[in-house]
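Following this message is one structure expressed as structure tokens.
Note that the chains are named A, B and C in the order they appear, and that numbering of residues resets to 1 at the start of each chain.
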Amino acid sequence: MDDSQISYAVKLPAFEGPLDLLLHLIKKNEINIYDIPIALITGQYLEYLSLMTSLNLAVAGEFLVMAATLIHIKSKTLLPPSETDEEDEEDDPRADLVTRLLEYQRFKDAAQGFELREQEWREVFYRPAPHATDGPTDEINLVDLSLFDLLEALRGVMERAPEKKGLEIVVDELSVQDRMSLVLDRLEREESITFTSLFDDDTTRLAMIVTFLALLELIRLKRVRILQAELFGTIRVWKNTNLQPS
Amino acid sequence: MEEHELTAVIEALLFVSGEPMSLERLTEVLEGTDTDKIREALDRLRQNYDAAGRGLQIVEVAGGYQIATRSECAPWIKALEKIKSATRLSRSGLETLAIVAYKQPVTRGEVEAIRGVDSAGVLKTLLERRILKIVGRREGLGRPMLYGTTREFLHYFGLKDLSELPALKEFREMAETLPEHEPIHEPASELTN
Amino acid sequence: MEEHELTAVIEALLFVSGEPMSLERLTEVLEGTDTDKIREALDRLRQNYDAAGRGLQIVEVAGGYQIATRSECAPWIKALEKIKSATRLSRSGLETLAIVAYKQPVTRGEVEAIRGVDSAGVLKTLLERRILKIVGRREGLGRPMLYGTTREFLHYFGLKDLSELPALKEFREMAETLPEHEPIHEPASELTN
């Protein structure tokens, strides 16, 4: 790791998820949410991710999925305008994302309302329910009973039960390191590979995320570069020699 | 603090404390306030509570002050306790209920084998509350009674039928953070286009 | 029962109950008394508690009436070290809660689709705190569990019932609060750096 990167402390704002981060970027750049400059936002978004990676912060899978989505949208916006002159909002590749952002913003606002109420009502106290008889204190009102209580109770009993079965957890063996070597191996054999082909062998979302994480790491280490040779061309991954691809 | 403010704070403190509060303790909590002033406020509070139509009173017991109900209200308080206890379930009741729900039809012996304690009393309570019922008898030695859940049970938990009971495994998965179980946004294929 | 007697009994019942008392519950306990009369008595009681110099109030919360302290007294109550206010919910907790509150009954997948992040852990925490509960299952593939809010939820946020939730802002309204800007034209060269 670069010493220069450790030497200064960066205070990263914490985000609840990719949508939260995107809303932050939109606000910061004073962007009209209905007309998001996707390249600018994608760039800043990826910068943030690589900053997180360089600070050794865990990047949640969702952030990577969103990165892929942004790149995908960006490649679509680069397509030539459709034959019809009228701007059809339905065709805007950003439309889905905008809808999601607005929907998320609504609940973020609602959450703020809840926070205010929480603050207010935390200042109000009730009398602890007295127990008529000296019975057990952890009685629960039937009205408040939920399936969760039932399951918790069952789990408690089962844990105490004489013959208890161990819980088997299958851990998928996927490491970012492995994926990085795989990508580099392929680049030994081929001059460049397409972005999408990286994911050909990934059957699960988790696998895709790991592959994407590996790619980001390779970019950060300047081992590979991602280039789009021409407008609306295929996105390709190149090994980072100092030679320009012809 | 102004007089009526002090009375208010003391009232809130007595209410929330749940046990007698001594003058010393009140002085401690209301640091900076004179003990005499606190005593005066307590007197005022007591007078307020002695007005007609009050169901509560300030009593001086066990070396402290406490809010308590008036004895005239006792019959209704008893009625409330009775209703409340009929709608409450103890920890052991919940455990027993959980076992019956998931293992039904089940005998008392089987419930006790899992819980490791006598469960006759709890089962009886659950029968009385109509959360459980006898669904038949097991063939064989002693033909023990079989317990199962009632419609009331489904109602409490908002279930349409027993098949809606979540599995223990499902419950464990809820806590897992691997984003594997369900695609969160778009199907995987779309991402790689 | 005379008017002031009824008020007194209700006051004592609210004091003893320790949880919100619904009109139905009160009618049940005070058998033979008209619900309308009980409602009137509650109003009188509430007025009495709204007099100056009171540290307590009658609140209507989680489907019932309950005696609670006034927020002005909070600093002193907190000085009684055994009384603690509940731990605040995290940002993700509040977010998740907001979605469930407005969309209920809702599946985990639906919550995650809106939040864009895995929400299993948060949902579990909210279940543990009894702010959310499982209310059933959605028909269809996988029959995922449905989440909803509890009585504790109403209590925690001081809501009488779900109809008291403020209306969600609409898309358009929100878009107006975001700054308008000319579209920025972007070069289409490199994707990273």
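Methods note: contacts are C-beta pairs under 8 Å (C-beta built on N, C-alpha and C of every residue); 3 or more make two chains touch, one makes a residue touch a chain.
All figures in this text were calculated on a predicted structure; none of them were measured in a lab.
S.K.: Name the most central chain, where centre means the mean of Cα atoms.
M.R.: C
S.K.: With centres defined as the mean of C-alpha atoms, identify the chain lying farthest from chain A.
M.R.: Farthest by centroid: B.
S.K.: Approximately how many whole Å separate the CA-defined centres of chain A and chain C?
M.R.: Chain A and chain C have C-alpha centres separated by 30 Å.
S.K.: Could you please state the distance in Å, as a whole number, between where the Cα atoms of chain A are centred and where those of chain B are centred?
M.R.: 39
S.K.: Roughly how many whole angstrom separate the Cα centroids of chain B and chain C?
M.R.: Chain centres of chain B and chain C, defined by C-alpha means, are spaced 18 Å apart.
S.K.: Please set out, as single numbers or ranges, the residues of chain A touching at least two other chains.
M.R.: In chain A, 61-62, 100, 125-128, 130, 141, 143, 146-147 touch at least two other chains.
S.K.: Going through chain B residue by residue, note those that touch at least 2 other chains and give them in order.
M.R.: Those would be 12, 15-16, 81, 84, 158-159, 166, 178-179, 184-185.
S.K.: For the complex, give me every residue of chain A touching chain C.
M.R.: 16-20, 26-27, 30-35, 37-40, 42-43, 46, 60-62, 66, 71, 74, 78, 100, 102-115, 117-118, 120-130, 141, 143-144, 146-148, 219, 225-228, 231, 235
S.K.: Residues of chain C touching chain A in their complex?
M.R.: Those in contact with chain A are residues 15-19, 59, 66-71, 74, 77, 83, 85-86, 88-89, 91-92, 94-95, 97-99, 101-102, 114-118, 127-128, 130, 133-134, 150-152, 156-159, 166, 168-171, 174-175, 178-193.
S.K.: If you look only at chain A, which of its residues touch chain B in the complex?
M.R.: 61-62, 65, 68-69, 72, 100, 125-128, 130, 132, 135-136, 138-143, 145-147, 149-151, 153-158, 160-162, 167, 196, 199-200, 202, 204-206, 208-209
S.K.: Flag every residue of chain C that touches chain B in the complex, lowest number first.
M.R.: Residues in contact with chain B: 3-5, 7-13, 15-17, 25, 28-31, 48, 52-56, 67, 69-70, 72-73, 76-77, 79-80, 83, 108-109, 112-113, 116-118, 120-121, 123-124, 127, 134-137, 142-145.
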